[in-house]
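Each of the two complexes below includes subunit A, the first together with subunit B, the second together with subunit C.
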Partner chain A sequence: MKLLIAGFALLLVCSFIPLFTGRNTKTAALSVIAGIFSLLLLSLNPCIESLFTGGTFEISYRMSIPFANFAIGMDPLSAFFLLPLLVLSGLCAIYGMAYMDGNKHVYGSGRSWFFFGMLVLGMSLATVARNGLLFIIAWELMALSSFFLVTFDHHRKEVRKAGWIYIVSAHFCTAFVFLVFVILGRNSGSLDFESFQVLKSGTAASTAVFIAALIGFGSKAGFIPLHIWLPEAHPVAPSHVSSLMSGIMIKIGLYGFLRTLTFLGDPPLWWGVTLIVIGASSGILGIMFAHAQHDIKRLLAYSSVENIGIATLGIGIGLLGITCNEPVVAILGFAGGLLHIVNHCIFKVLLFLCAGAVIHETGEGRLDRLGGLMKKMPRTGICFAIGSAAISGLPPFNGFIGEFLIFLAALFGITTMILPLSLCAIAVIITIGLIGGLATACFSKAFGMIFLGEPRSENTAVHVEDPGYAMTVPMILLSVFCLMIGLSGSSLLILLCAPVSVISGLSLEACAAGLKPASYPLTAIAMLSSLMIILGVFLYTLRRTMPRSHLETKVPTWDCGYARPNARMQYSSSSFSQPITQLFAFFLRTKSKNPDTAAAFPGKNSFSSETPDFWQEYLFRPSVILINQISAFIGKADNGRIHVYILYIIVTVLILLGFHFFK
Partner chain B sequence: MNDFGTFLFRAHAGFLAALILAPLIPGVINRTKAVFAGRQGPPLLQLYYDLFKLLRKGTVYSRTTSWVFRAAPVVTLSACIGVLMLIPCTGASPALISFQGDIILFAYFFGIARFFTVSAALDTGSSFEGMGASREVLYAALAEPAFLLSLSALACLNSKISLSGIFIASTEHPFANIAVIALVAVTLVIVLLTENCRVPADDPNTHLELTMIHEVMVLDYSGPDFAYILYASALKLWAFASIVVAVALPLRTGSFITDSLIFIFGILAGAVVVGIIESTMARFRLDKIPKLLIAAAALSATALLLTLTRG
Partner chain C sequence: MNLPDSIMIFLILTNLSLLASSRLNACIKTVAIQGIIVGFLPLIATKCPLTIYSYLLAILIITVKGILFPYLLRYTLRSVDVRREIEPFIGYGASIIIGVIALIMSFWLCRHITFPEPILSYTAPAAAFFTIFCGLFLIVSRVKALTQVIGYVVFENGIYMFGSAMLIEQSFLVELGIILDVFVVVFIMGIMMFHISRAFDHIDTNKLGESEKKG
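Moving on, here comes the complex of A and B:
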C-alpha cells in the first residue's frame, strides 16, 4: 500500500513537469505517460491480489484539515475500477501525444498535459479514497482539471459555452456528493469510510443518502435528465480528452454510487425500481438522441448516456434481486452491470480515438461531410467497425457478454414469478432489446457515413491517410481487448466474483455459486463465436474456390439506370435517421429547414436538420432564465444606498423580535 | 455412451436436414402464390437451381465498395448457420449447442448479420440501398423487443430459458395455456414476416427499388456472393419457422423419424401459410409497419402478463 502512495506521488510530480517544458510537448506528454504507467505498475500488485482473493487493505495518515484523513484503501471494487482506468488512460495519453503534436496552440500544450495528469490522478484517487473529505478533494480535482481540458481551445465561443455548462453541472453534482458524506458522517462523527455504520433501510437518513447519491453521482455518470453536459463538453474537447472523460470519468460517478450502496442497508423495493426506470429512460432516450445527431462526437456522447443506462439496468435488477431474496438474479445483475461498465470503457475510448483520428486527418467531424474513408484509412476503419459492433452488443465482441449477463438476470427474474421482480425484468428485456436494435441502427449509420461509400465533400478526401503508430497502436490494442473479452468465456466470472460480493454484501462463496449458472452459457457463447469466425474463414475460402471466382468486373454502383451518380446523391446521415426521428418525433423534436419548392421553377435550395437536447431546450434553459429573472428582481433590492440597507436591518430585527414574542 | 451417440447423430441429422431442406421454403411460398394467382409458377426446387447457377458465375463489384461489401455475405451466412446450431432443427432432434439464455444469442446472431448487411448497403454509396438500410434498421429495432418478449413468455410459461428447453417443454405439455400460446404465435408470425422481408412488411417481388427494403440492400450483389445471401435468408426463414412450428404444432409420437417428418411437414405448411398471406394481403404503407410491430410487442407483453398472473 505504501508503494501505491509512492505511485500517486510519482504521478503528481510527473504531472507538474509539463508546466516547465515550455513548447517541448513531447517531453510533457512523455512525463505524464511515465507517471501513469508507474502508478499502474505500483498498483498492479494490490489490485490483482484483492481482485482474486477478495482481500482489502487500508492505510491512513492524519491530515491537518478537520475531519480529513489521508485514508486510502484497496478492495475488489476499487481494483475493478482502478485497473481499467489506468490502462486506458495510459493508452489515451500515448494517443494524445501524437494527436497534440500538430496542434499549434498559442500557449503550447504543456498546461493541457498538466491537467491531463491531474485528471488521471483525481480519478484514481477517487477510486481508492477511504475518507469522505479526501474523496471530495479527488472529486473536485477531477472536475476542475477536466474543465480546463475541455476549454483547451478557449478562443472559440462554443468551447467557452460548453465549458460553462460543464463546470456548473459538475458543481451541482459535487454539492449532492457533499450531502451524501455529510449525512453519512453525521451518524458516526467521522468522515472515514470505515467508521460509517450501515444505515438501516427505510430511515429518513438512508433515503436521503440514496437520493443525494442518485443526483450527485448520477449527474456525473450522465443519467437523463442530468446528462446535458455530456453532449456539450465531449465534442469540443480534444479527442483523447473526450475519450478519457466519456470512457472513464463518467464511470467514476457509477463507482461513487456503488460505493455509497455499500454504506446502506437492505435496499427497499423502490430503489431497484427507480434505478430501472432511470436506466431504461437513459438507455432508450440516449440512443435515440444519438441516432438523431449528425456530429460524430455528439453522437458518441449521447451513446455514453445510453450505455450508462444499460449498466444502471443491471445494477437495478441486482438491487431488486437482493430485495426479493433471489441471490442468483442479484449476482448476475450486478455482474452484468459491472462488466458492461468496463466494456463500455474499452469500446467508447476506442470509438472516440477513431473519431479523433478522422477529425485529425480530415478536419471534419460532421457525418454529412465525410464518407469513403475506409480505402484511405483502413486501420482506423477496421477499428471503428469493431468498436461499432461491440457497442451495439453484437457477438463475438465484449458488448454482447455484458448485456447477456443482464439479460440472463432478467430471464431468471421473470421465471421466479415474484410479481414486482418479474415486471421489472420484463421492462429490462424490452428496454435492452430496443436499445440493441437502435444501437445497431445508430452505429451502422456512423460507420457507414464516415468510412463507406464515396467522400461527401471534396476537401475531406485529399491527403488523408492512417495516422502514425502512436495513434493507431492504442486503437488496435483496444480492438483486440474487445474481441478478447468477447471470447474469454467463463474465465471472466473469476474477475467479477469479488467486486460483486462487495456490492451485494454476500459472501465470496455465495457469489461464486450465484455466478455458476452463467458459467456454461459464457463458455458456449465463446465456443460458438469462435466457431462462427472459423466458419466465416471457411466460407470465404469456399467462395474463392468457386470455378469463376477470379472473374471480377468493376463497374459503377447500380443506380437504376442513372448513368452518372455522384457523391452528393448518397444517402446522408439525416436521411438515414429520418424514419426513426419521425417515429419518435414527439420526443426528439428534430428541427428541419425544408427547401421551398412551391414555385414552378424553384431556385437554389438547401435542407438541414438538427436535434437539440430536449431537456436543455425545455427544462434547463427555461429554469436558468427563471433563475436569472428572480435574481434580477432580488438584485433591485441591492441598490447601493446605505439608508435602505439600514432599513433592511431594522426590519429584520423587528421580525425576529416578533417571532421571539409570539412563540 | 450409446445415448450420447444417438444424441450426436440426431443433432447432426437435424442440422443437416435444415441445411439441405431450407431452400425448399421459398419454393413452396412461390408455388402457393402461383396457385393463388392462377399461374403455373416456378418449380419447387427453383432456389436450388438458382444457387447452383450463381455459385458458378463470376462477380461484378461496384468501384465504390470496400472489404465490408465482400465480407457481408460470408458473415451473414455464417451467422445464420450459427443460429441453426442453437435450435432443435427438426423438433425431435436436439440442438447442437444448448445453454440457458441461448434465445438471446439467437436474436443477436441475426443482429451481427444485419449490421454487416446494412453496412454493405451503405458501402455501395447508392441512395436506394441507403434507403433500404435505413428502413431495415428501424423495423429490426422494433421487431427485436417483440421477439424477445414472446420468447420470454414461452420461457416463463415453461420455466425454461433455453430454446431446447422450450421446445421440449412445449411438446410435453402441449397448449399449456391456449391464450398465451395463441398470442405468442401471432407475435412470432408477425416477427417472422418482418424479419424475413415478406408481405405485409416488405414485398420480395416488388419491381421498384424505391419501395423495396431488404431486396434493395442486396441490389449490387452478384455471383457466389448473391448465392450466399439467398441461402442465408432461406436458413433464416427455417430458423424462425421452426420456433413457430414448435409452439403451434406440438405433436409427438415418440419415434424420431416420424416426429422429424411431422415437424418438416409443419415448416412447409408454414411456408404455405406465408404464401397465402402474401397472396391475400397487400403490403402495408411504410409508416404502418412500426405500428404493426409495436402491436406485436404489446401482444406478447400481454401474453407474459397472463403467464405471470397464472402462476
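Moving on, here comes the complex of A and C:
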C-alpha cells in the first residue's frame, strides 16, 4: 500500500512538470504518460491480489484538516474500477499526445496536460479513498480539472457556455455528495469509511443517504434528467479528454453510488424499482436522443447516458434480488452491471478516439459533412465498426456479454415468481431489447454517415488519411480488448466474483456459486463467437485468393440507376434517422425547418432539423429563468441606498425584539 | 420629580426637537447640548463611587461632543453651503408622530425587559432606547449626508446613555473606543462631504447611486 501512495506522489509530480515545459508539448505529454503508467505499475500488485483473493488493505495517516484522514484502501470494488481507469487513461494520454501535437494551439497545451494528470489523479484517488473528506477532495479535483480540460478552447463562445453548464452541474453534484457523507458521518461521528456503521434500512437517515447519493452521484454518472452536461461538455472538449470523461469519469459516479450502497443496510423494495425506472428511462431516452443527433460527439455523449442506464438496470435488478432474498438474481445483476461499466469504458473510449481521429483529419464533426472515409481511413473505420458493434450489444464483442448477464439475471428473476421482482425483470428484458435495437440503428447511422457513401463536403474528400501510430495503436488495442472480453467466456466470472461480493455483502463462495449458472452459456457464446470469427476469416481469405479480375469493377457509390449521382443525393443524418425520430416525436420534439415547395416554381430551398435536449428546454431552462426572476426581485432590495440598508437593520432589530417578547 | 428624571425628560425633548427641525444649524446645536448633558450623566449617578476615570471620561465626552463635533459639523456645513434639509423622505409632522410612537414603544419595551438594577432613573433606559431609535430614524429618513452624521451621533448618545443609566461597570476603554469611532466617522464624513459636494454639487445621499451610474 505504501507503494501505491508512492505511485500517487509520482503522478502528482509528473503532472506538475508540464507547467514548466513551455511550448515543448511532447515532454509535457510524456511526463504525464509516465506518471500514469508508474501509478498503474505500482497499483498492479494490490489490485490483482485483492481482485483474485477478495482481500482488503488499508493505510491511514492523520491530516491536519478536521475529520480528514489520508486513509486509502484497496478492495475488489476499488481494484475493479482502478485498473481499467489507469489502463484506459494511459491509452487516452498516448493518443492525446499525437492529437494535441497537430493542434497548434495559441495557449500551448502544457496546462492542459497538467489538468489531464490531475484528472487522472483525482479519479484514481476517489476510487481508493477511505475517508469522506478525502473522497470529496478527490472528487472536487476531478470536477475542477475536467472543467479546465473542457474549456481548453476557451476563446470560443460555445465552449465557455458548455464549461459553465458543466461546472454548475458538477457542483450541484458535489453538494449532494457532501450531504451523503455528512449524514453518514453524523451517525458515526467520524468520516472514515470503516467507522460508518451499516445504517438500518427504512430509517430516515438511510433513505436520505440513498436519495442524496442518487442525485449526487447520478448527476455525475448522467442519469436522466441530470445528464444535461454530457451532450454539452463532450463535444467541445478535445477528443482524448471527452473520451476520458465520457468513458471513465462518469463511471466514478457509479463507483461512488455502489460504494454508498455498501454503507446502507438491506435495500427496501422501492430502491431497486427506482433504479430500474431510472435505468430504463436513461437507457431508452438516451439512445433515442443519440439517434436524433447530427454531431458525432453529441451522439456519443447521449449514448453514454444510455449505457449508464443499462448498467443501472443491472444494479437495480441486483438490489431487487437482495430485497427478495434471491442471491442468484442479485449476483448476476450486479455482475452484469459491473461488467457493462467496464465494457462501456472500453468501447466508449474507443469510439471517442475514432471520432477524434476523424475530426483531427477532416476538421469536421458534423455527420452531414462526412462520408466515404472507409476508403481513406481504413484502420479508424474498422475500429469504429468494432466499437459500434460492441456498443450495440452484438456478439462476438464485449457489449453483448455484459447485457447478456443482465438478461440472465432478469430471466432468473422471472422464474422466481415473486411478483414485484418478476414484473421488474420483464420490464428490464423489454427495455434492454429495445435499447439494443435502437443502439444498432443509431450506430449504423453514425458509421454509415462517416465511413460509407461518398464524401459530403470538400474537406473530407481530399488528402485525408489514417492518423499516425500514436493515435491508431490505442484504438487498435481497445478494439482488441473489446474482442478479448467478448471471447473470454466464463473466465471473466472469476474477476467479477470478488467485487460483486463487496456490493452484495454475500460471501465469496456464495458469489462464486451464484455466478455458476452463467458459466455454461458464456462458454457457449465464446465458442460460437470464435467459430463465427474463424468462418469469417476463412471466407475473407477465400475471397482474396480467388481470381478477382472479372469479379471486380470500380463504379461510383450509389450508382444504382441515378443518371448523375451526386454526393448530396445520399441519405443525410436526419433522413436516415427520420423513421425512428418520427416514431418518438412526442419526446424528441425535433424542430425542423421545412422547405416551402408549394409554389409552382419553388426557388432555392433548404431543410434543417435539430433536436434540442428535452429536459434542458422544458425543465432546466424554465427553472433557471424562474430563479433569475426571483433573484431579480430580491435584488431590488439591494438598491445601493444607505437609508434603506439602515432601515433593514432597524427592522431586523425590531423583529428580533418582537421575537423575544412574543415567543 | 427628581433630577435624573427631569434630565431624561429634557433629553427626550431634545430628540423630538431634532426630529422636527429642518435647519441644520439648529440640529447641530441641539446635538451639542444633548452630548454635553449625556457627558454629565455618569457624574450624577450617586450610588457609584466616582473615580478619576469617571471625571476623565466625562471631560473627554463633553469636549468631544460639546465642542469638537459641533465645530467639525459647522465647518462642514459652511464648506458645503447647505442650510436646510429641504425634502426629507418623511416630513417633519410625520416624523414627530413616529417619534411619539417610538417613545411609547420604548417605554413599553422597558417595562417588559427585566434590567439587572437600573440605578440612575427608571425613565433612563426608555429615554436611551428612544434616543437610539431617533438616531436610526434620522439616518433613514433624511436625505442630506450631514443629517445622517447627526443621526449617527445621536445614536451613539443613546448607547452612552444606556451604559450610564445601567451604570454598567464604567469601562473606560470601551467608552474611549466608541468615542474614537464616532470621532473618526464625523471627521471622515466632514472631509468626504466636502468632496462629494465639490464633485456632484449636492450632498443628497439618495442621488449618489444615480450619479455613479451616469458617470
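Rule of thumb we're sticking to: the second predicted complex is superposed on the first by the 633 of 663 C-alpha atoms of A that agree within 3 Å, B and C clash if a C-alpha of one lies under 4 Å from a C-alpha of the other, contacts with A are read in each partner's own complex, and residues count from 1 in each chain.
Basically, contacts are C-beta pairs under 8 Å (C-beta built on N, C-alpha and C of every residue); 3 or more make two chains touch, one makes a residue touch a chain.
Keep in mind that this is a model prediction, so the values were computed, not measured.
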Quick one: subunit B and subunit C on subunit A, clash or fit? fit
Is A:Phe661 touching the first partner subunit B, the second partner subunit C, both, or neither of them? second
Could you say whether A:Ile503 touches subunit B, subunit C, both of them, or neither, answering first, second, both or neither? neither
So, A:Ser392: does it touch subunit B (first), subunit C (second), both, or neither? first
What is the contact status of A:Leu647 with respect to subunit B (first) and subunit C (second): first, second, both, or neither? second
Subunit C versus subunit B, contacts on subunit A by residue: B
When the two structures are overlaid on chain A, which partner does A:Asn639 contact: first (subunit B), second (subunit C), both, or neither? second
Overlay on chain A, subunit C to subunit B nearest C-alpha distance, Å: 60
For subunit A, which residues lie in the overlap of the subunit B contacts and the subunit C contacts? none
Can you name the residues of subunit B that touch subunit A in the complex? 55-68, 73-75, 77-79, 81-82, 85-86, 97, 99-105, 107-109, 111-112, 114-115, 118-119, 121-131, 133-135, 137-138, 140-145, 147-149, 152, 155-156, 159, 161, 209, 219-220, 223-225, 228, 286-287, 290, 297, 301, 304, 308, 311
Once bound in the complex, which stretches of subunit A touch subunit B? 371-372, 374-375, 381, 385, 388-389, 392-395, 400, 403-404, 407-408, 411-412, 414-415, 417, 419, 422-423, 426, 429-430, 433-434, 436-438, 440-441, 443-445, 447-449, 451-454, 517, 520-521, 524-525, 527-528, 531-533, 535-536, 539-540, 543, 546-560, 565, 567, 569-571, 575-580, 582-583
For a test of understanding, state which residues of subunit C touch subunit A in their complex under the given definition. 89, 109, 112, 133, 136-137, 139-141, 148, 205-206, 208-209, 212
Touching residues of subunit A toward subunit C in the complex: what are they? 639-644, 646-647, 649-650, 657, 661
